[in-house]
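The same chain A turns up in both complexes below, where it pairs with chain B and then with chain C.
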Partner chain A sequence: MPSRTDVYKYVWRLPLILWQGLFFVVPLLLMVAMSFWLVRNYRMTPDFIFDNWERMLTRGYVWNAYEVTFLRATVAAALASLIAFPASFALAFRVSETTRRWAIFFLIVPFFTSYLVRVYAWQVLLAESGPINAVLGFAGLGPFTMLNSGFGAMVGYMTLVLPLVVILQTFSLAAIDKNLIEAAANLGAGAAQRLFNVIIPAAKVGLILGAVFAFILSFGDFVSPFYLGGSKPPTLSILIIDTTKSGQQWPRAAVVAVMMIVTLFVVAFAAVGAAYGRRNG
Partner chain B sequence: MRSGVLLRLYIAAVFVFVFAPIVTSMVFSVNSDRFPTVPLGHFTWDWYRTAFARPEVWTAIQNSLIVAACAATLSTLIGFATAYTDYRYGFRFKTAYLALALLPPTIPVVIMGLAMLAWLGRLGLSGTLTGIVIAHTVMAAPFAMAICRLRLNQMDAALEPAAWNLGATQWRAMRAVVIPFCAPALVSAFCLTAAVSFDEFIVAWFVSGLNKTVPVMILEILQGNVDPQINAIGTLVFLTSMTLVIAAQLLIIRRSST
Partner chain C sequence: MTAPLVRLEGVKKSYGDSVAVKGIDLAIGRGEFIAIMGPSGCGKTTTLRMLAGLETPTEGTVTIDGKVMNDVPVHARDTPLVWQSLALFPFLNVAQNVEFGLKMRGVPAKERRQKVATWLDRLGLSDFARRRVDQLSGGQRQRVALARSLVTEPPILLLDEPLSALDAHLVIRMQGVLTKLQRELGITFVYVTHSQSEAFAMADRVVIMGHGEIAQIGRPREIFRAPRNRFVAEFVGRNNILSGTVSGGAIDLGPITVPLPGAADGPAEIVVAADRMKISREAPAAPALAADFVSEEFAGTGIICYFEGPGGEELKAQVSEDELEALDPAPGARFYLTWAPESAHVMTGQS
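== the complex of A and B ==
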């Protein structure tokens, strides 16, 4: 018989295990299993066959989509890190504690605010006859085609990830011991040397974490490539949705989903290794 | 000094980029042009009037509120229990336990949508609001856990043992010491997870069937044509989630700075 302490302990421990086990782990496992199921006459039957894998892995359009998605997510991660860095640097070193707090406060707000509606707003802003082209027109420029292109999708990715990347970078930069930077300056290190040899290595974890989150979010995003990128070429998430919504081809969609999860795991582990490994290498 | 000014301007530019879509959506929601551009048309409430004259908009709002309230309650309970377990106990497989607690937000929502559709379908819950609540709880609980864990960090580790020494049972100490201490974090977690649920549309879209929430309805309007009604509905969505997120943050900041 369990003692009273045990009951207390498990009351707090079990909810997560039960809920996330039943509604997070099981669905994902089911999805993996489903990728081996048989589809005939628009009906799925549990099975263990490799038809769906063979079918998807030998199709050129799947690999094209993979390439586009991976490439775009990489560019988005690099771009977001570069765009964010000067802002994070300034927030960490050039403003007061209070200003920094408020800045973070206002960056958290959009992260939890309807991404879908923000993308719609960009759709209007970037349109051929939209406000941005109108302003550029006054200066005698344009009109530029910004929607339904890689550029449009990238604007969307930045909308999604930039606030988070700035927050993560700012935290790690602000946590650097200021004496370290001063010591480097006293030893005669110039601004560039201090930046590349002291500040960036010391903030490595946050910088890599920011880039990884940017990659993960962009890699899985469906809204920006669809509504701003014109879905041509399709990304993996667009492929999943098209395959799922067109009848009972869920097993094929599951194949794509497993490909995505494996990719994200590899990237995340590599990044964590890079962030925490070989500190003084 | 000049570099300081430049950096400040740079920060301002980043904030303009981040808030531009939110502000334009609000401005265009009261602007008469169907295809807004510069210069703006005249002021109008027409888009709000047409949008809110549709009964399905009200149904969607009602669905969203029910789902957000239920998902936020469940997420907050699970998140608190998990945070307390992490704070209080060490045990075997704790790393796996914490991974389970924090992993869901890193799985792309499209994949969550597909997996949920398959599983909830088997349980006979696809197309129901219950199904959406279940999925949103999975996705939002990690945020609740993070908020509660941060609050527990600030609690003196001797506080609970002190209560036990004074003769309180574990349950009594929980009720009289831990929960009051975490109260602002609990409210904050509720607000934030409600915002997460209120804005989530991919999984809801996969699972919902005919029971649409507000963002799912927006998604379906978007698949048609440019329609400024979206700005009107979108402004309402923005105001709701911004209120929730700001409230969540103020609750934490006010308490942790005292």
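== the complex of A and C ==
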């Protein structure tokens, strides 16, 4: 018989377990099941056929989309981490506690407005006849095609992930024991040596977490590649939309979705392993 | 003393309006074990951090080995510090922690390995080389911090209350490790502490600081027997501070007048160490302070008895356990306190 404390433990855990079960595990299993269903005359019938998998995994365009999506998400994660780091470093070490709190607040503000609205704003700014090209035109440059390109999509990804990456990095950097940095200097480490030998290793978890979030959000994003990237080449998210629209091919879309989820799981687990991995010897 | 290794001249440190160190002069010799002691906020840690270059003096100069250090950045100095929190790198193992300073200074890998091995061995850490620092005990971590600081063979080691987080029995053991190391290496140790027992047990000289100033510098015995002023006497404790007026080789303490040969006439404060106070039940022939027993406190080497003096002041006398048993005092019991005239030290400094 479980003891009293055990009962409490389960009672408190129950909402989380139910939530995750209802809205994550069940839909996921349903999706996996659906990927084996049959579509005939625009109607899905539960079945257990491998046609969908076979079709999707043997088509070049699926793998091309996979490659584009993975590559872009990787670049977005790296770029966001690099752009965010100087800002996070300044917020963590160069400003007062009060300034840092305000900065974090203003980094949260973007999440108040719809991401879609912000992306539309970029459409105006990045347009061939938009303000950015107008300014560059004064300098005798351009006009540049920024919309409907990988560049446009990347601007969108940064809009989505940068505030979050800065927040995660800032928290992890600010949490570093300042004595460690002083100790490094005291042991002869110059500014660059302190950065690479103490600050980055000590903030490793937060830095990796920031990059992983950037990867996950960019990998699954539909808005930026569609509205700023011009859906050419299509990413996996665009492929899913296209597949469901064309002939009610939900099972084939489910195949793509499962591929994406598996990828995210692998990346997330690898990252957590790297973040918390022990470096010994 | 040969040319001192460290010289502080008129060193002052202020943060905006608040002054942490008010202007101190101090010379520290080569191979000397010096303890800087004082209550919290007295400026002792700031002084140590100025030696390490972690703080820049607002005024004055810090000279180490004949070189003015004021503008030398932290990482260009060879003044390792052992932090109160130890500040070991949690993402590195024991050997990597010890190796850090050598690596930062670009010492070749082969030489690094040799030196690390030597120091791990010297501090009894060889078996833990591959361990993470959070897998070590407090005493082991302490030794890692020491090895990490000493591996570059610096002329000086700075220590900021390194034993304050340890259990009492470990403190004694680490004191032994530290004094032995200091003697063997022959380098200068500057040890900041608020613990009198640590300072007195290890240091050649003790610097007492209060309110950003040096109150007294001296050998532990000097500080204890001959405190310069009331601040030092109160900080050192285990003594009786009595004030009165001297005239003609005797001091009038109010209730009694006792001989004080050689003292200049005028108001004076004297200090009598608790272990020089004699107590008796019967009023002696010599002038004695009548005092009422309050309580006793076991102090390891003896027992400190607390009394309430004629003016309500606290008086202390140290007795042995046998003496205490013979006296068998009850709270409120009347005793008579006397001391030999030569046991009284006249404090000359301003508080």
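FYI, the second predicted complex is superposed on the first by the 254 of 281 C-alpha atoms of A that agree within 3 Å, B and C clash if a C-alpha of one lies under 4 Å from a C-alpha of the other, contacts with A are read in each partner's own complex, and residues count from 1 in each chain.
Note that a contact is a pair of C-beta atoms (placed from the backbone, for glycine too) under 8 Å apart; a residue touches a chain by one contact, two chains touch by 3 or more.
The structure presented is a predicted model; accordingly, all values stated were derived computationally and were not measured.
S.K.: Based on the shared chain A superposition, would you classify chain B and chain C as clashing or fitting together?
M.R.: Result for chain B and chain C: fit.
S.K.: Once the structures are superposed on A, label A:Ser231 by its partner contacts, choosing first (chain B), second (chain C), both or neither.
M.R.: In the superposition, A:Ser231 contacts neither chain B nor chain C.
S.K.: Taking the superposition as given, does A:Thr74 touch the first partner, chain B, the second, chain C, both, or neither?
M.R.: In the superposed model, A:Thr74 contacts neither chain B nor chain C.
S.K.: So in the superposed three-chain picture, is A:Lys204 touching just chain B, just chain C, both, or none of them (first/second/both/neither)?
M.R.: Touch status of A:Lys204: second partner only.
S.K.: For the superposed three-chain arrangement, provide the angle chain B-chain A-chain C between C-alpha centres, rounded in steps of 10 degrees.
M.R.: Vertex chain A, arms to chain B and chain C: 90 degrees.
S.K.: Between chain B (first) and chain C (second), which, if any, makes contact with A:Asn148: first, second, both or neither?
M.R.: A:Asn148 contacts neither chain B nor chain C.
S.K.: See if chain A has more residues touched by chain B or by chain C, and give me that chain.
M.R.: B
S.K.: With the two structures laid over each other on chain A, which partner does A:Met158 touch: chain B (first), chain C (second), both, or neither?
M.R.: first
S.K.: Determine, under the contact definition given at the top, whether A:Leu187 touches first (chain B), second (chain C), both, or neither.
M.R.: Only chain C is touched by A:Leu187; chain B is not.
S.K.: Between chain B and chain C, whom does A:Ile241 touch in the aligned arrangement: first, second, both, or neither?
M.R.: first
S.K.: If you take every C-alpha pair with one atom in chain B and one in chain C, what is the shortest distance in Å after superposing?
M.R.: It comes out at 15 Å between the closest C-alpha atoms.
S.K.: Considering only the contact definition stated at the top, list the common interface residues of chain A for chain B and chain C.
M.R.: In chain A, no position sits in both the chain B and chain C interfaces.
S.K.: Provide the residue numbers of chain A that touch chain C in the complex, in ascending order.
M.R.: On the chain A side, the touching residues are 177, 179-180, 182-190, 193-194, 197-198, 201-202, 204, 278-281.
S.K.: Provide the residue numbers of chain C that touch chain A in the complex, in ascending order.
M.R.: So the residues of chain C in touch with chain A come to 52, 54, 73-81, 83, 85, 87, 89-93, 100-101, 103-105, 130, 132, 148-149, 152.
S.K.: Within the complex, which stretch of chain B touches chain A?
M.R.: Of all residues in chain B, those touching chain A are 4, 7-8, 10-11, 14-15, 17-22, 24-25, 28, 35-38, 74, 77-78, 81-82, 84-85, 88-89, 91, 97, 100-101, 103-104, 106-120, 122, 134-135, 137-138, 141, 145, 170-171, 192, 195-196, 199, 201-202, 206, 215, 218-219, 222, 226, 230-231, 234, 237-238, 241-242, 244-246, 249, 253.
S.K.: Note which residues of chain A are touching chain B in the complex, please.
M.R.: For this pair, the touching residues of chain A are 4-5, 8-9, 11-13, 15-17, 19-21, 23-28, 30-31, 34, 83-84, 86-87, 89-91, 94-95, 101, 103, 105-110, 112-125, 127, 129-131, 133-135, 158-159, 162-163, 166, 216, 219-222, 227, 237, 240-241, 244, 250, 253-254, 257, 260-261, 264, 268.
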